[in-house]
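In what follows, structures are represented as structure tokens.
Both complexes shown next keep subunit A, but they swap its partner, so subunit B is in the first and subunit C is in the second.
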Partner chain A sequence: MNHDGRPPEGFAPAGRTSLWAARVRLALRSSRETWRAFAANPIGVVGVAIILIFGLMAVAHPLLMATLWDPTTYDPVTGFGFDEISHPAPPSWRHLLGTDPLGRDILSQLTASTTSAFVLGLVAALVTVGIATMVGALAAYYGGVVDAFFMRLADLIIILPTISLLIVLTALLGLNLFQLALVLGVLGGFGGTAVVIKSQALSIKVKPYIEAAQLAGGGPWHIILVHIVPNLLPLSLLYMMFTVTGAIFSEAVLSFFGILHIRMSWGIMIHTASTGGYLLGGASYWWLIVPAGAAITLLCSSFYLVGRALDEVVNPRLRGR
Partner chain B sequence: MAGYLLRRLLQVLVTLFLFVTLSFFLIQAQPGDYSSFYSLNPKLPPEVQSRVRAQFGLDRPLGEQYLLHLKNFATGNFGVSFSHYPQSVLEVILERLPRTAALFLTATVVSFYAGFFLGKMLAWRRGGWVEYSATISGVALFTVFTPWFALMMIWLFAFKLGWFPLGKFLDPLVWRNAPVSANQVFGYMLFTGAAIAVILFLAMLLLAQLGLRRRGWLPAAVAIICVASAVIAWAGSGVGYLALDILKHMVLPIATLTLISFAGTMLLTRNSMLETLREDYITAARAKGLPEKVVRDRHAARNALLPVVTSLVFSLAFAVDGGVITESVFSWPGMGLTLLDAVLSEDLPLAMGALVFVGLLALVAHAVADVLYVYLDPRIRYQ
Partner chain C sequence: MHRPDMDPASPAAAVPLVQVQSLRKLFPVGGGMFRRARRFVHAVDDVSFTLQRGESFGLVGESGCGKTTLGKLLVKLQPPTSGQVRVAKISPGAIPAEQALGWWDLARLKGKELKSFRRQVQMVLQDPYESMNPRRTIYDTVAEPLAVQHLGDVCERLDRVSQMLELVRLTPVASYLFRYPHELSGGQRQRVAIARALAMEPSFLVADEPTSMLDVSSRTAIMNLMLEVGQRLGLSYLYITHDLAVARYMCQRVAVMYLGKLVEVAETEELLRNPQHPYTRALLSAVPVPDPAHRRQVEVLRGDPSRPVDPLPRCRFYDRCPLAVDHCRDTPPPPLEAKGTDGHLVACYRV
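Let's look at the complex of A and B:
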């Protein structure tokens, strides 16, 4: 794969528009190649399929609320199933996955939570990768004190037990979904991801084209932003996938403990069942726990699987093995 | 070697300093300060509030507060716990730290050995349904939602089958007329475990020195004698039934934590072992006519061990977190449950103290694993 999907600057055809046309054409071709290498691996395709199914669920919730589902009955937080005699009610045609102890529709909660899981994962991943890429590029380019500072910081964050830290943070500050995503993003960005991306940036820094750019009079920022960062992006994309897994898992654990300010999530669904005392009912109240637990496990592992498959495409050491 | 250890120790101290600094900024980031929680609580006398304000130096400038924070940390003065009022934070933590350490240590060691052994075997006997099903269940255990898995374990083994008690540390009915406190018994149990580990380690060293280690039955015999004499000593002590009660409560949390953390080791060992098996020195070892078992254990597994230990070093923080989750689901009164309860009851000094000690546990484990890695990898040792 052409790492940045662009032709080298000096070989571009004359004229601005044709240069961009060539760039787009090459990017398309390289992404087609990447997809072919990716699709050769069944686990990656399975992962993408699971993510797409969850994406459909996320889209389906607002549509269903607008058309089929009456908000007084089906709202994930304030709804109540008046049509059932007692709650939690087992699955029926009106409530396909039954209701929770407070009379709310499980399927509605499940689909509504999908949206927040995606928002959380996306924000956390973008922040992580944004910070990690910049930190990695800066540490690799400048070395010395900058490098030592960021790497010691990363060491500290790697050693920190994240969940315990987040538990205390929620106590001190009271986090909502967006703030949690930011905190996870900052922790990930300055932590382990930065170390991995820095080692990749080091191998880019010694390439001849960096030297050529320096000789041509390129400043540090120009070289970092135009020559180093684009070449780090494939690896960054890979680490976005692993960040999403970690973010969804952390949110689910904190919600399960009931200490986040979030409207609805899979973790809260399990928390509701747990505080209601329905957990030891086991199989007789399966719809309270199994859908939410399976959703967390499935979405986490699908992003993990996509990450593993991407790893084999991005990582030349593993490719074609 | 000594130089490396010294440098490593210095790094640990720097990291510890950064961690304490971070905890100071966390406290500063909250709205209000510690004492505002006292002013809202009618049950606590005002002199406690003034004492804490003086103790934490909340009326002084920020720089001075920071120095005081460092001093408090160095002297182990974390203030008084709100929810366990007469007890200080340090007392609460010192009571609970051994329980977490026991849980964490046992699960980490057992899961590492089990994961390494199974991964080795999977790579050695490649193909077939055993490898396939072990890999699938490994991935499932690796990605499963931890609290949900712990709850399922409780439901199956404690509720449905009734083999083990439903969480907690001990059964109050058994302990009603107990002559000693639970912490004492638990302390002796920890001592027994540590003593057995040390004696076994020394015996192995001695056997290796005498060149007797290849005889498979000798180490096993030493282990059996150790454990048997410990069991006899406990049975004769008169409080054996109390120890047994604690032990029964320990099995399920340790099993859960082990199952969660061993899958990663197993999968990684399998991959690492598969790569090692392709090396030329394995072919050479086979060509020399060495027995298969020696090729597997001495040549392949020994070299496959290094990346696995590296990953163990980096996943220790995750294991500590797994312990926090497991403890709170099983109501095991260790650091994790203390942390969560402190947060839920807004007992901030205890929460901060628990966080610092959980971090310290991870830091120490990290440093120990690092030193172990130096011992295992001669390329670092002789640098």
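Let's look at the complex of A and C:
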């Protein structure tokens, strides 16, 4: 397929390797640019910092259990603070955040729960965004019956009272953490997020470069995967951040009702304090509630903050304002 | 790949490449899931013409007259409401006099057939700013047809893309390959769009106002480029424009379109020297002449083009025509007929 067989000027006889090298360079450059735009916004940097702190906590727990913390005293579920006269004990040097009514170390519980919060949030968000992006792209591209089906399904899911539904599901099936993440992800993915992403996909579908792809001979899957989905990804990423928040929050609510099959979580910590009647004691037993409550609030809001900052990077209308 | 035997005026080249038979495209107005549309925009209404191999055919008309829709029908970006489009199958690199391998019937094209049709027929879209995916590099954009059609491996595609970029004078090639569209100017983007359309060596190219979004300084460059590349690759063009000067520069034959219908078809010079249809005359009299002493006789047109929604069954130009008589109002639109010298077709009862 030569025109005149003359090699192009200024172009080394390249190959696969230089092509991939160029791609990697480009990816690095664009991620640097994105980070610069993101870092210009203090909201996002604060969010990332909080997420990093929680990440450190999640890493620290198994390390502490292996070194400083004796499992018989410090295990988040089965440990017991033998040195205290009564439980719940207020913060002391031995138990930095005190102990709960069953004599377990609060700090150990707090750090042990971080991992599950992350796993739950990220799995739910990935499932949500994966489903929502594909559903949105398909509904927008094919329109007609496909569109009507997915959008009515989304309406149906949006009007379902999520928490009540989850309570019923956990009662029937006995959900563990991973299953809960899947359920939340599927509900979000076929629900509201799909509607938002579809509306964005509609505006991409009518761009002339979609016609150009058709002219090239590209089929529906080529157009959806190469042209529509990559242009949806920024918005998807944004909704992923918001979904993490929702998932962590739902878990806390369900654990507070004491119906999830989870070893330890922030919701269970509050549940323990609540069933012991300590929530009624006002501020006198603050260490039972404040650490877990603050952790839920902080982690949720940090993902939300990152989402807001990403919104400004992704959304040209908000950029540079 | 210059072809000296490719003189379009020679009789050997008079082999039909595209045949359009009473093509019609109606767009519904309103309507929805439960309500059928009752009113239709007649974007392309009973259009027939033949485009010869190696020919550059101009399509002139004002905004909204259906030029772009006609172009999109010819490349099967949109399905026609009725009518037929046939394109001759030509093996790449065939000489013009060579017999075609058969005909593509656009209405029946799908799957593999459609894919190989795409290799032969390409289109340059109007808007160079929106016709490229902002997340893909110039290399990806130009290589897309090759990748989709599974032509060559990665290295061959890279070579091919480099050749195409050189052909459209985006040099040094290496500095353009891995840039994003937003880093290029309008003229450069249009060159990329042309390179993409030409990457598969098509034999027929629909160019939809490729210069209208560009500033005047880069227009001539793009037009010269297209002429030169067309010569070199033996391309046939359907060149859509609203600018008669551009049509004169680019095309051997010109069709004038008004509200979905072809009103006049002729050799470019013949059309400009001897316009027959009152609309063509009005168009020509509106072309500016760079001579302050020039006093022209302006053909006055009344009003604006009427909306092409369910037009009455009469000449589309009746409302504005200086020659209109009752006959024009009471009879269906005039057919496109040979008037006067050879090949000059006019759709008018009064000339």
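Everything below uses one rule, namely that the second predicted complex is superposed on the first by the 307 of 321 C-alpha atoms of A that agree within 3 Å, B and C clash if a C-alpha of one lies under 4 Å from a C-alpha of the other, contacts with A are read in each partner's own complex, and residues count from 1 in each chain.
Here is the rule we use: a contact is a pair of C-beta atoms (placed from the backbone, for glycine too) under 8 Å apart; a residue touches a chain by one contact, two chains touch by 3 or more.
The structure displayed is predicted, hence computed values, not measured ones.
A.B. asks: Report for A:H222: first if it touches subunit B alone, second if subunit C alone, otherwise both or neither.
C.D. replies: Once the two structures are laid over each other on A, A:H222 reaches subunit C alone.
A.B. asks: Considering only touches as defined above, state whether A:R263 meets subunit B (first), subunit C (second), both or neither.
C.D. replies: It touches nothing on subunit B or subunit C.
A.B. asks: Which holds for A:Q214: it touches subunit B only (first), subunit C only (second), both, or neither?
C.D. replies: Second partner only.
A.B. asks: Which of the two partners, first being subunit B and second being subunit C, lies in contact with A:I163: first, second, both, or neither?
C.D. replies: Once the two structures are laid over each other on A, A:I163 reaches subunit B alone.
A.B. asks: Quick check on the superposed pair: does A:A148 touch subunit B, subunit C, both, or neither? Answer first, second, both or neither.
C.D. replies: After superposition on chain A, A:A148 lies in contact with subunit C alone.
A.B. asks: Give one of first, second, both or neither to describe whether A:R32 is in contact with subunit B, with subunit C, with both, or with none.
C.D. replies: neither
A.B. asks: Using the touch definition from the top, say if A:G293 reaches subunit B (first), subunit C (second), both or neither.
C.D. replies: In the superposition, A:G293 contacts subunit B only.
A.B. asks: Taking the complex as given, what residues does subunit C use to touch subunit A?
C.D. replies: Per the touch definition, subunit C meets subunit A at residues 1, 33, 72, 75, 77, 114-115, 118-119, 122-123, 125-127, 130-137, 139, 144-145, 148-149, 151-152, 154-156, 158-160, 162-163, 165-167, 171-175, 177-178, 193, 196-197, 201.
A.B. asks: So in the complex, which bits of subunit A are touching subunit C?
C.D. replies: 1-4, 7-12, 14-16, 19, 22-23, 25-26, 148, 207-209, 211-218, 222, 226-227, 230-231
A.B. asks: Can you list the residues on subunit B that touch subunit A in the complex?
C.D. replies: 11, 14-15, 18-19, 22, 26-27, 29-30, 139-140, 143-148, 151, 154-156, 159-160, 166, 314, 316-318, 320-321, 324-325, 328, 336, 339-340, 342-344, 346, 348, 351-352, 354-355, 358-359, 362-363, 366
A.B. asks: Can you tell me which positions in subunit A touch subunit B when the two form their complex?
C.D. replies: 152-153, 155-156, 158-165, 167-173, 192, 245, 249, 252-253, 256-257, 259, 270, 274, 279-280, 282, 289, 293, 296-297, 300-301, 304
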